[in-house]
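You will see two complexes here that share chain A, one where it goes with chain B and one where it goes with chain C.
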Partner chain A sequence: MGKTLFEKIWESHIVVEKQNSPSLIYIDRHLVHEVTSPQAFEGLRINNRKVRRPDLTIATMDHNVPTTDRSLPILDQTSSVQIQTLEKNCKDFGIKLFGINSPNQGIVHVIGPQLGITLPGTTIVCGDSHTSTHGAFGALALGIGTSDVEHVLASQTMWLEKPKPFEIRVEGKRKNPHAVTAKDIVLSIIKNIGTGGGTGTVIEYRGEGITDLSMEQRMTICNMSIEAGARAGLIAPDEKTFDYLRDREYTPKNYESLVDTWKDHLKSDSDATFDKQFTLPIDDIAPQVSWGTNPGMTCDVTESIPTPDEFSKGDVNQKKGAEKALDYMDLKPGTLIEDIKIDRVFIGSCTNARLEDLIEASKVIKDQKISPHVKAMVVPGSQMVKKQAEEMGLDKIFINANFEWREAGCSMCLGMNPDILSPGERCASTSNRNFEGRQGTGGRTHLVSPVMAAAAAINGHFVDVRKMDLN
Partner chain B sequence: MDPFKKISSIVTPLDKVNVDTDQIVPKQFLKLVQKSGFGKFLFFNWRYDENENKKSDFVLNDPKYTNSQILVAGDNFGCGSSREHAVWALLDYGFSVIIAPSFADIFLSNCFKNGVLPITLDQKIVEKLQQETGKVEVDLENQIIKTPSEEIRFDIDSYKKKILLEGLDDIAQTFQYEKEISEFERESKIPSVL
Partner chain C sequence: MKGNVIKYDRDNIDTDVIIPGQYLKIHDYAELATHAMEGLDPDFHSKVKEGDFILSGKNFGSGSSREHAPIALSHSGIKAVLALSFARIFYRNSVDGAFLLPIEIGQDAYDGISEGDEINIDVSSNEIQNITKNQTYKMKPFSEIIGKIIAAGGLFKYKPDQD
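What follows is the complex of A and B.
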């Protein structure tokens, strides 16, 4: 019987196999950041353990770094301690660190691919749930907790129960690919299968709707696999994948011979079977806007807010969840999405802060000004994205429209640094989570694509970006 | 990690689905570099208002649940961020057993690493447990939950059960496979990053 792509990667990384119990899996790449690693390094010290493979480990700081002038001291004392702790840990344990002033600093899931550290067929872990992003390259990429960070540092392995393969087919062609984006595809998927729909599985995204996407768009899709509860997301590598990783700063010297081994092998066999299956036709999908407090609470921009009954389809607990969400979001069923006014716009995060995202958003705002009551910011995903965008003059387009143009980091996706919403503020955000208080206590988040966020910034409320000229 | 002992306590019902780790411990408390002391941040935005006064309508603020060690929650508990701080906060607050119809994968794995026992039970049984006012005993050794009126069996993987019962150091266990790990590394074709 044929094998799925996931099974092929899994089997090639088994160190110790146990039936009906977790297996010991080898990890090829370990990405480390400042928030989920201090306790792991401390554990190594207490037990007098070393980092087994510093040469497979890379660190950066992204979660709580300020996105304002980097030459100034960090005002938040606890953030500063966390950053210094990572610097000391990397020095003590011999780990390569892209520090706050490195040209390679950035969100860990943006820099991995950009530097050629992410490779097809590998296993990648990071103490961050959005590690699923790297699955866009055909890598089995898993978010892990701090204990597993310590375990991987010490042993370069982790115990893992074998997830089940889940096939999601994205079929058809979008009529307006500039207005209906990868973000809208993945939000549509989560809206349909639910935030727990992928629990215990590794999703493989397949079909024309996926192969048509650029690598950066594929990363947006895999990034949000975790919002459907999946252990990881995967897309089989193709020529676009191999081209993207060619000649990056850390692309291996024997890259072409690796590509030869990946080419015919890293895909699901035609007779492979999946435990679960879902198909999304995309010919007619609309831009998506989340209205609630989890990413499954999403609808088309042309729709109105559903009633809790409509949303829950008879599930009492889901209905209660929707009522609480509407209360938190201060929204009423029946309100048109396009009538929702916003206060803030955030273009950033590991979901949507790559160069293409910024290019597409800049087309929407070129020669325009944002609505006078809106505050908007762009936080590039990495210093390299920022530099490339500046070379193209994108910074000027955003600044002329009254956007703030910031340094790279996670920023207002999770608001660990000073970039947060005030209580009651409503934000159109290109990030991945609309949880209560995520972007700031009492803040209200609507998840959208970069072009939808840009259009909302100009208009002061949500608009269907398909009505705008984006060419 | 301390070995998991049989516990007996009243249950705290948390009647919500899709409770994400941002709610369990909000991001402003993730800046600490140690594992201890997170209990005071547990469900912070649900427990306290903007002036940090206790909200009377939140279950954890009801004095009758003060010494509860068992949290009975809704579907998909612990979804979202991988932050292990969520488990550290639950444990530090006093919860060593979490019962729900389903858990998010990363949260589930984090529980076992810290001596917290997550138990997955059928939705109907969970709902019934949420109504239970008497003492409930959780016996991991025999995989049984005893309420004043019934006994409920639960499943758990044998390796994870052993880790919890003996409070084993996961990494020390893995080091027993040093030969296998080294062999794998010799065969691996994936080059170093640097």
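What follows is the complex of A and C.
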């Protein structure tokens, strides 16, 4: 019987396998950041252990770094300590660090692919749930907690119960690919299968709607696999994948011979079977806007807020969840999405802060100003993205429109650094989570694509970007 | 293991409400615990007692991989979370660090147990006794290795080669 792509990667990384038990899996790349690693390094010290493969371990700082002028000292003492701790840990254990002033600093899931560290067919872990992003390159990429970070640092392996393969087919062609984006595809998937729809699985995204996407768009899709509850998401590598990774700073020297082996091997066999399947036709999908407090609470920009009964379809807890969400979001059923006014716009995060995201958003705002009651910011995903965008003059387009143009980091996606919403503020955000308080206590998040966020900034409320000329 | 239940009758309790992002710089677990559940229930810290359990719906612990979430609950005194289902990273983090027991329950336990009920969790028989209401429910047994990691007191105390 044929094998799925996931099963092929899994089988080639088994160190120990026993019946009815998790397997010990070899890890090819371990990405480390400042927030989920300190206790792991401390554990190594207490037990007098070394990092087994410092050469396969790469660190950066992203979650808690300021996105303002980096020549100034960090005022928050605990943040400053967290950053210094990573510097010391990397020095003590011999790990390559892209520190706060490195030209390669950035969100860990943006820099991995950009530097050619992420490779097809590999296993990648990081103490961050959005590690699933790297699956866009045909890697098995898993978010892990701090205990597992310590386990991988010490052993370059981790125990893992074998997830089940889940096929999501994205079929058809979008009529307006500049207005209906990868973000809208993945939000549509989560809206349909639910935030627990992928639990215990590794999703493989397939079909014309996926192969049509650029690598940056594929990363947006795989990034949000975790929001559907999946352990990981992946896409079989193709020529676009191989072209993207060619000639990057850390691309292996024998790259072309690797490509030859990947081409034949890294795809699901035609007779492979999946435990679960879902198909999304995309010919007619609309831009998506989340209205609630999890990414499954999402609707078309042309729709109005559903009633809790309409949303829950008879499920009592879903109904309660929708009622609480509407209360928290201060929204009433029946309100048109396009009538929702916003206070803030955040273009950033590991979901949507790559160069292509910024290019697309800049087309919307060129020669325009943001609405006078809106505060808006762009936080590029990495310093390299920022530099490339500046070389193209995108920074000027955003600044002229009254956007703030910041340094790279996770920023307002998770509200760890000073970039947060005030209580009650409503934000059109290109990030991945609209949880209560995620972007700051009492803050209200609507998840959208970069073009939808940019259009909301200009208009002061959500608008259907299909009505705009984005070519 | 006996204790009283704090019930959150909803699905998708995420790790951002269990421990909001702004506290992820805190490395002192006792201090971290003072902010547990703050995003959802600001009274949690004042009402939680050592040995309490949390009961909730589907997909508990969804979202971020922050191990701070089970740590904050554990250091608040929570010994187990009973839920209809768990997000996998939260489940694993809970077990890895032996912070608390993630117990998957059925609809009967979810509906039967109310806020404040005293219950007894018996992992050896996979039963939950509701002492307040004199009812008994089945819990989903831990898989073999999860049971062993729990029995050993966490991932780093578990020695697979002795199996």
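Throughout what follows, the second predicted complex is superposed on the first by the 471 of 471 C-alpha atoms of A that agree within 3 Å, B and C clash if a C-alpha of one lies under 4 Å from a C-alpha of the other, contacts with A are read in each partner's own complex, and residues count from 1 in each chain.
Note that in this section contacts are C-beta pairs under 8 Å (C-beta built on N, C-alpha and C of every residue); 3 or more make two chains touch, one makes a residue touch a chain.
A quick note: this is a predicted structure, and the numbers were derived from the prediction, not measured.
Visitor: Please determine, from the superposition on chain A, whether chain B and chain C clash or fit.
Guide: clash
Visitor: Which chain, chain B or chain C, ends up touching more residues of chain A in the combined arrangement?
Guide: B
Visitor: So, A:P252: does it touch chain B (first), chain C (second), both, or neither?
Guide: Touch partner of A:P252: chain B, not chain C.
Visitor: I'd like to know which partner A:F435 touches here: chain B for first, chain C for second, both or neither.
Guide: In the superposition, A:F435 contacts both chain B and chain C.
Visitor: Between chain B and chain C, whom does A:K96 touch in the aligned arrangement: first, second, both, or neither?
Guide: first
Visitor: Could you say whether A:P423 touches chain B, chain C, both of them, or neither, answering first, second, both or neither?
Guide: In the superposition, A:P423 contacts chain B only.
Visitor: Which partner does A:T122 contact after superposing on A: first (chain B), second (chain C), both, neither?
Guide: After superposition on chain A, A:T122 lies in contact with chain B alone.
Visitor: Is A:I144 touching anything from chain B or chain C once the two structures are fitted on A? First, second, both or neither.
Guide: both
Visitor: List the residues of chain A that touch chain B in one complex and chain C in the other.
Guide: 16, 20-22, 24, 35-36, 38-39, 47, 63-64, 76, 78-79, 81-82, 127-129, 143-148, 150-151, 159, 161, 195-196, 199-200, 226, 229, 231, 294, 317-318, 320-321, 324, 414-416, 433, 435-438, 441
Visitor: Hey, which residues of chain B end up touching chain A in the complex?
Guide: Listed in rising order, the residues of chain B that touch chain A are 15-18, 20, 22-23, 26-28, 30-35, 45, 50, 74-76, 79-85, 87, 102, 104-106, 109-110, 113-114, 157-160, 169-171, 174-175, 177, 180-181, 184-185, 188-194.
Visitor: So in the complex, the part of chain A that touches chain B is made up of which residues?
Guide: For chain A paired with chain B, touching residues are 15-16, 18, 20-22, 24, 26, 28-29, 35-36, 38-39, 42, 47, 49, 53, 55-58, 63-64, 76, 78-79, 81-82, 85, 96, 117, 119, 121-122, 127-129, 143-148, 150-151, 154-157, 159, 161, 163, 195-196, 199-200, 226-227, 229, 231, 250, 252-254, 258, 261, 294, 317-318, 320-321, 324, 414-416, 423, 433, 435-438, 441-442.
Visitor: Enumerate the contact residues on chain A facing chain C in the complex.
Guide: 16, 20-22, 24, 35-36, 38-39, 43, 47, 63-64, 76, 78-79, 81-82, 127-129, 143-148, 150-151, 159, 161, 195-196, 199-200, 226, 229, 231, 294, 317-318, 320-321, 324, 414-416, 420, 433, 435-438, 440-441
Visitor: Quick one: which bits of chain C touch chain A in the complex? Just the residue numbers, please.
Guide: 9-12, 14, 16-17, 20-22, 24-27, 39-40, 57-59, 62-67, 85, 87-89, 92-93, 96-97, 143-145, 154-156, 160
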